[in-house]
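Next come two complexes, and both contain chain A; in the first it sits with chain B, in the second with chain C.
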Partner chain A sequence: MKLFWAFARQHFHATALYRVDFWLRVASTPILMYGTRWVWITLYTQRPGAFGVSLQQMVTYAVLSMAIENLFYTGPQYYMAQQARSGAIDADLLKPLDFHFHMLARSTGEMLFRIIVIALPAMLVGYFLFDLQLPATLQTGFLFVVAILLGYLVNFHLEFLLGSVALVTLEIHSIDWAFHATARFFSGQFVPLWLFPGVLGLLANILPFRSTFSTPLSIYTGVVTGGAVTEAIGFQMLWLILLFIISRWLWERVQARIVLQGG
Partner chain B sequence: MIKVEHLTKNYQRVKRREGILGSVRTLFSAEYETTRAVDDISFHINEGELVGYIGPNGAGKSTSIKMLCGILVPTGGQIEVNGLVPHKNRMENARQIGAVFGQKTQLWWDVPVIESLRLFRDIYKVPEAQFKHNLNMFNDLLDLHEFQSTPVRQLSLGQRMRADMAAALLHNPRLLFLDEPMIGVDVVAKERLRTFIQKINREQKVTILLTTHDMGDIEKVCSRIMIIDHGHIVYDGNIDQMRNKYGTQRTLVVEFEEPIADFDAPHTTLVKSEGRKKWFAFNRFETSPSTLITYIGARFPILDLAVEEPEIEAIVRTIYQGSAGTAKVDGA
Partner chain C sequence: MHVIQLYFRLIQISLLSRMQYRANFIAGILGLIVWNVINLGLIGIMVTQFTSLKDWTLWELVFLYCLWILGHSLYSLFFSHTRQLENYLIEGTFDQFLLRPASPLIQLLGRELEYIEIADMFIGLTGISLAYAQLGLHWDVWKWSFFIIAIISGTIIVLAINLLIACSAFWTGRSRGTFIIVSPFYSLVHQYPVDIFGNAFRIIVSSLLPVAFMNYYPALVLLDKVDHASSGWWLSYMSPVVALILLGIVSGVWRLALRQYTSSGS
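Take a look at the complex of A and B:
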């Protein structure tokens, strides 16, 4: 845990260097929240009752999805690709750290930083300016946090797997682009998954991507309740365990290759 | 402390084909070629030694250091570092060693030096008291406080090396690997680093293996020198012995009272002649300076004399040249 905070602290310092980038990110969040809210209000005026939930639920879903936009994609794969290309991966292996854990600590540190500096302020702004509702009960709020953390872990492992591949191919951009397009589409960040038709809806329900946005947001807004909540969180855990095992397995192989070939 | 027996490392590299068509073919069926970077080397290093490890580029220095760090697996032979086999106990081994690679920094690029060091403290689980004590020591010896709040990317090369040195020593390692730590560092900074290296070796009994291209480092700092070339160790011993064995060539510089035509003295070669000065090279086993001085002095009036010892660089060059041609490249 101490190491997670240590990495989070490091991000505070690193971010202090890239102030413009940081403020742009902070400023863009309210604009996105405002924009999506406006889109849903317009759609509801045109076709009330076509989207399966109340306008209030939908606005909360949309505004919150923009507020937590920055939590998930911490991007360990960029770090890994960069270290591999520059040969600095040696310095990582030189430290008495399990590499998988090292990346998890780095990413989690960055996520903690983003929660404190971007997501929480954005949620306050959303609450005061954009009709962001509070969760129905304290328990719902708690389950939302659990689902967020599991969603983060599922996504971290997907990105870690990408990074492991990048360590071998030394190329990340095209494959990363494809990953992000797929992940964002099937995560339900922009269009809630219950609006997906037929096969697309089925696919979205099987793939791991819904763990990030759809599951926590559906719990928060009360779209998913009761036994379905346990089911949704169980689904996240299942994917997490599976991805964890694959990550360990793949990393062992990649590391063996690095230490045989020499970076 | 370090035991290395018959250590060998082969690299397999994809053979590149020429042209675009060649690159496409490489995607489907790659041909490999094997290069032997380290070829059957053996040595022991005892606790507290400060060993200079030198050799030309590509001789196998970094490869052997990476194997000692456990981040490269040997093809053959045995390594033991303080009782551990590095590549089998990478993380445990990492706790007892420190390393500085001159070409790459271990610190994080974007954060202030002190933050990087704090992260090292957390990664290596360094107790707070030890952390403070070591920071004070680094302040005294490396003037760390001058640049501790500067991000690593903005440091000068000399400062970066000092910061890297501090990071490598924060957890009090028993063993320190320095892979070309002086590369690109100016004369003043170099002198400080040398003093620092000697100090931690003497006072804290840290065993040090230092690779460098600068013979000044070797002469001033190391008690023992290992020379590697083409994957073989071609010399292992102390510097004086090396001088005796390989540095047999001396030069007698004579300044005469007036300009004199070139002449030969027995067992010497006239290597240079400039105004009233002449340089005679001789092998110290064939003749002695006193014999030469008597011989020359009897013929011409001498104003001044000097005997030049061979520079260590010249000796090492002789050793490199002697070992050339033993390169081994296996096709596979």
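Take a look at the complex of A and C:
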């Protein structure tokens, strides 16, 4: 565990050094918050209290979703693909930390950096400028954080699986495209899942993607309360366990097949 | 004439070098199509649940979205690498442009062809055709001409704005930051009619960063949504004028930039 945090810390610092773009993205987030807030205000004038969700809850959902936008996609698959292509992955395999946990440490360092540098300032901006409400109770706030962390872990494993596939195919961009497009649609990041009709709604509720945005945001805004919260968090855990097992299984197989390129 | 010949020769060369990777080409096209279908799908879900977005119906929003894509696809097909100008400046590639006996601007513009953007054009045309049928539009010759002019104006507007931003690298060394800042404005105007936003936003995207002239204003004309009683109705017809003004500004700035350019050295 100590080793894990050493790797996480190392990547945290590496990220902090090189990411000027990220600071700029902080500046562009308020514009998106402003935009989505108006979209929902406009929609709600036509149908106030749609689906039993108040405008205030909906605006909080949308603005908060912009604030946490960058938390989840830490991109271990790019690192894995790049290391495989350059042949440098042999050095990663020699490290004193299991590769899967090494990737998790890297991503965690990255995510913590993004929380501190992007999400927290963006939430403050949302609070002061765009009607981002505080969670109803301290307990709700705590459950939100738990759901965010689980969402992050679920998403990390999806990305790790992509990366494992990329180690064999040596091609990441097109599968990554498909992944991001699907996640964008089914995560509830832009349009909350309770608006999804029929089969789409059913699909969104079964797939793991809702763990990232929909679950934490629904808990935070109080759209999901009481026993449903436990259920939603249980759903995240179930997917996490499943994806963890698949990741270990696939990694064992991929590791044996890694072809070192270059020289 | 010579300049145009040269431009197409450069494009041909870049195309040949890109076509070596056919699998990437197909995957890229599929990716763009899926991406846009998903974006439209999200807007679709939102609007059908709420019946409309202010007075914009689903197919009017599809029209708005695709009008942007059409103007933008011509830009990204031929000119999207203008964003790379800062790298050319830093790496000294730009010095090569200056050494060759041809206009540096033509060399910059002719450097690449993002042929994957053909997919965008396909999406734009499909979306507009569907919207045209669904909305029961019947344009006369005048409207069809305005449609074509609006697309070309859109291309010029986004090219001019992005080239202006890229040119800022001549003075500041970096332009990527500005691109990051303006991109949310682009994505909001692309997807939503600007009249749902507050006044400050509408003024910005109609003056300082006039991207609303790429889709919103011409769409008002083409969808018969111009409110002639309002004081700003004439803005709806201004896309070509805005495009010409921007073209004038950008050519002036480009000349100014070249005159004071000093190489990054080494």
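By definition in this document, the second predicted complex is superposed on the first by the 234 of 263 C-alpha atoms of A that agree within 3 Å, B and C clash if a C-alpha of one lies under 4 Å from a C-alpha of the other, contacts with A are read in each partner's own complex, and residues count from 1 in each chain.
Assume a contact is a pair of C-beta atoms (placed from the backbone, for glycine too) under 8 Å apart; a residue touches a chain by one contact, two chains touch by 3 or more.
Since this is a predicted model, take the numbers as computed values, not measurements.
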item: More chain A residues in contact [chain B versus chain C]; value: C
item: First (chain B), second (chain C), both or neither touched by A:252; value: neither
item: First (chain B), second (chain C), both or neither touched by A:231; value: neither
item: First, second, both or neither for A:2, with chain B first and chain C second; value: first
item: Touching partner for A:93 - first (chain B), second (chain C), both, neither; value: first
item: First, second, both or neither for A:28, with chain B first and chain C second; value: second
item: Partner chain(s) touched by A:181 [first = chain B, second = chain C, both, neither]; value: second
item: Overlap of the chain B and chain C footprints on chain A, listed as residue numbers; value: none
item: Chain B residues within the chain A interface of the complex; value: 11-12, 63, 66, 69-73, 87, 90-92, 94-95, 99, 101, 104-106, 108, 110-112, 115, 118-119, 122-124, 151
item: Residues of chain C defined as touching chain A within the complex; value: 23-24, 27-28, 30-31, 34-35, 38, 41-42, 45-46, 48-54, 176-177, 180-181, 183-185, 187-188, 192, 196-198, 201
item: In the complex, chain A residues that touch chain B; value: 2-3, 6-7, 9-10, 13-14, 17-18, 86-88, 90-91, 93-98, 256, 258-262
item: In the complex with chain C, residue positions of chain A that touch it; value: 20-21, 24-25, 27-29, 31-32, 34-35, 38-39, 42-44, 46-47, 50-51, 171, 173-174, 177-178, 181, 184-185, 190-191, 195-197, 200
